[in-house]
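To keep things clear, I will list the structure first and then write my remarks on it.
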Amino acid sequence: MRMGFSLPSAAREPRHIPPRGTCDRTPRGYKVLAMSEQEHTTHGYSADKEALLKRLRRIEGQVRGVSRMVDEDNYCIDVLTQISAVNAALHKVSLALVQDHIGHCVVDAAARSAETGDATIVADKVEETAVAIGRLLR
Amino acid sequence: MRMGFSLPSAAREPRHIPPRGTCDRTPRGYKVLAMSEQEHTTHGYSADKEALLKRLRRIEGQVRGVSRMVDEDNYCIDVLTQISAVNAALHKVSLALVQDHIGHCVVDAAARSAETGDATIVADKVEETAVAIGRLLR
Amino acid sequence: MRMGFSLPSAAREPRHIPPRGTCDRTPRGYKVLAMSEQEHTTHGYSADKEALLKRLRRIEGQVRGVSRMVDEDNYCIDVLTQISAVNAALHKVSLALVQDHIGHCVVDAAARSAETGDATIVADKVEETAVAIGRLLR
Amino acid sequence: MRMGFSLPSAAREPRHIPPRGTCDRTPRGYKVLAMSEQEHTTHGYSADKEALLKRLRRIEGQVRGVSRMVDEDNYCIDVLTQISAVNAALHKVSLALVQDHIGHCVVDAAARSAETGDATIVADKVEETAVAIGRLLR
């Protein structure tokens, strides 16, 4: 799976303060900047937002299907098979988000670290990413 | 987690053909029997059906919450955290189904094997269960 | 994967105290009995013991291979690929153990519950099994 | 878990061709460079190599312990519990490798993309990383 990817503008224009889009937990403030730049920058998973939302709606429907199976007393093994399908679909969504996060937010943080000489910016981002992946592995 | 458990009637009354409820993929035929016996028999997960349905509805809501987070451009790591919560909730449902399946359908098949002397009845059930668990492990 | 399976003798000879082999955490006492009965009874995973040991030795070698890769500074992604192979091999071993456990220990407990009328024997076994599966799912 | 992290030299000295250490599948050639630079550069997981090797040796010992348990006919549930411990230990090693890989190889690729203007360098690295994480999720 190859997702749309473009180098954050900071990497191409080293003096520029990078817009962070969904790469920051407290997005207030940057939104205006992001807005004015949205023609030439891709933020986080936003490029694939529609695809992600479509997949999530399908997963929601699959969960509803599991409920219906339980309600209609379907055979337990068949219900479990359907739950495995939901797990697999969720894993795909997680993986797409992880890939987008690394490709945008981590790469963007690396550029900011390079610009500012502050290695903790990218180190913190990488650690946060590893913690999130660790939660998925469980 | 301890789920309601009662020995299938077949185990207590060895000559009786056991009703199989949701323990069989082709439920045709036994339904009439099951119906007439439903006062005194517990079939598969049906005892905990309401609890299961409640959990599944909550999971459906959690998935809808993930969609909303993506739609509102929440931070990717926060979306991943929420997906991990959905995974955990689905695992609990799977486990409850597996436990009920073993406690009812496998135990019931063991009783039928004991009655009929046909060991393949329970062996097939056990293998089918292992295959389903294997899909969950992935 | 279909593993050797035979109905525990208790299921066929209801008055007999069933040998429990590896189905019990406190094996003291039953060993003598098990010994005298070993010609006609299969205990837990013992029938497939050699196959299991062979797989485990191979996994041990795979882990040693991962150490060697790290020691020789192999590319991280290649090391991760090898670790995924170890995970998959361990999952197969777990699944074989779970299948044997259900097919022998749970089925044996069901027979003892049927004999004694004490449903808690099998209920406890089933719950313990579910807890072990839950640990594997994580 | 916070692992040692330092910005690749390329990020600090933009004109310099970055040494790639274990960040490349075909390490031939760069080795000489890496060697001459090893005083001031950290490559991939090499900083934590000793810690990784120690963990892997412990895992190898745990797998040997599982073999011994099977050989001595330990209770299946206890064997499964020990296998779950091996799984958890392997997950920790995987996660440490993933974190190091992102923090060194992906960040280094981002710097090379910034230098060269070739966005595919980091995009390829990110995709490769996501594929490896996907294998761990299964």
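For reference, chains read A, B, C and D in written order, and residue numbers begin at 1 within each chain.
Note that in this section contacts are C-beta pairs under 8 Å (C-beta built on N, C-alpha and C of every residue); 3 or more make two chains touch, one makes a residue touch a chain.
As the structure is a prediction and not an experimental result, all values here were calculated from the model.
Hopping across touching chains, the smallest step count from subunit A to subunit C is 2. Two copies of one chain, subunit B and subunit C, touch each other, and the residues they use overlap strongly: the shared fraction of interface numbers exceeds half. When the interfaces A-B and A-D are ranked by C-beta pairs in contact, the top one is A-B.
Subunit B and subunit D have Cα centroids separated by 39 Å. Taking the mean of the C-alpha atoms as each chain's centre, subunit A and subunit D sit 22 Å apart.
Here the spacing of subunit A and subunit B, counted between their Cα centres, is 33 Å. Residue numbers of subunit D whose C-beta contacts span two or more other chains: 94, 98, 129, 136, 138. Taken pairwise by the contact criterion, the protein chains form one closed cycle in which every chain touches exactly two others. In this structure, the chains touch in the following pairs: A-B, A-D, B-C, C-D.
Only residues 1-3, 5-7, 11-12, 14, 91, 94-95, 98-99, 102-103, 106-107, 110-111, 113-114, 117, 119, 122-123, 126-127, 129-131, 133-134, 136-138 of subunit D touch subunit A when the two sit together in their complex. On subunit D, the positions that touch subunit C within their shared complex are 21-25, 27, 43-46, 49, 52-53, 56-57, 59-60, 63-64, 66-67, 70-71, 73-81, 83-84, 86-88, 90, 93-94, 97-98, 100-101, 105, 128-129, 132, 135-136, 138.
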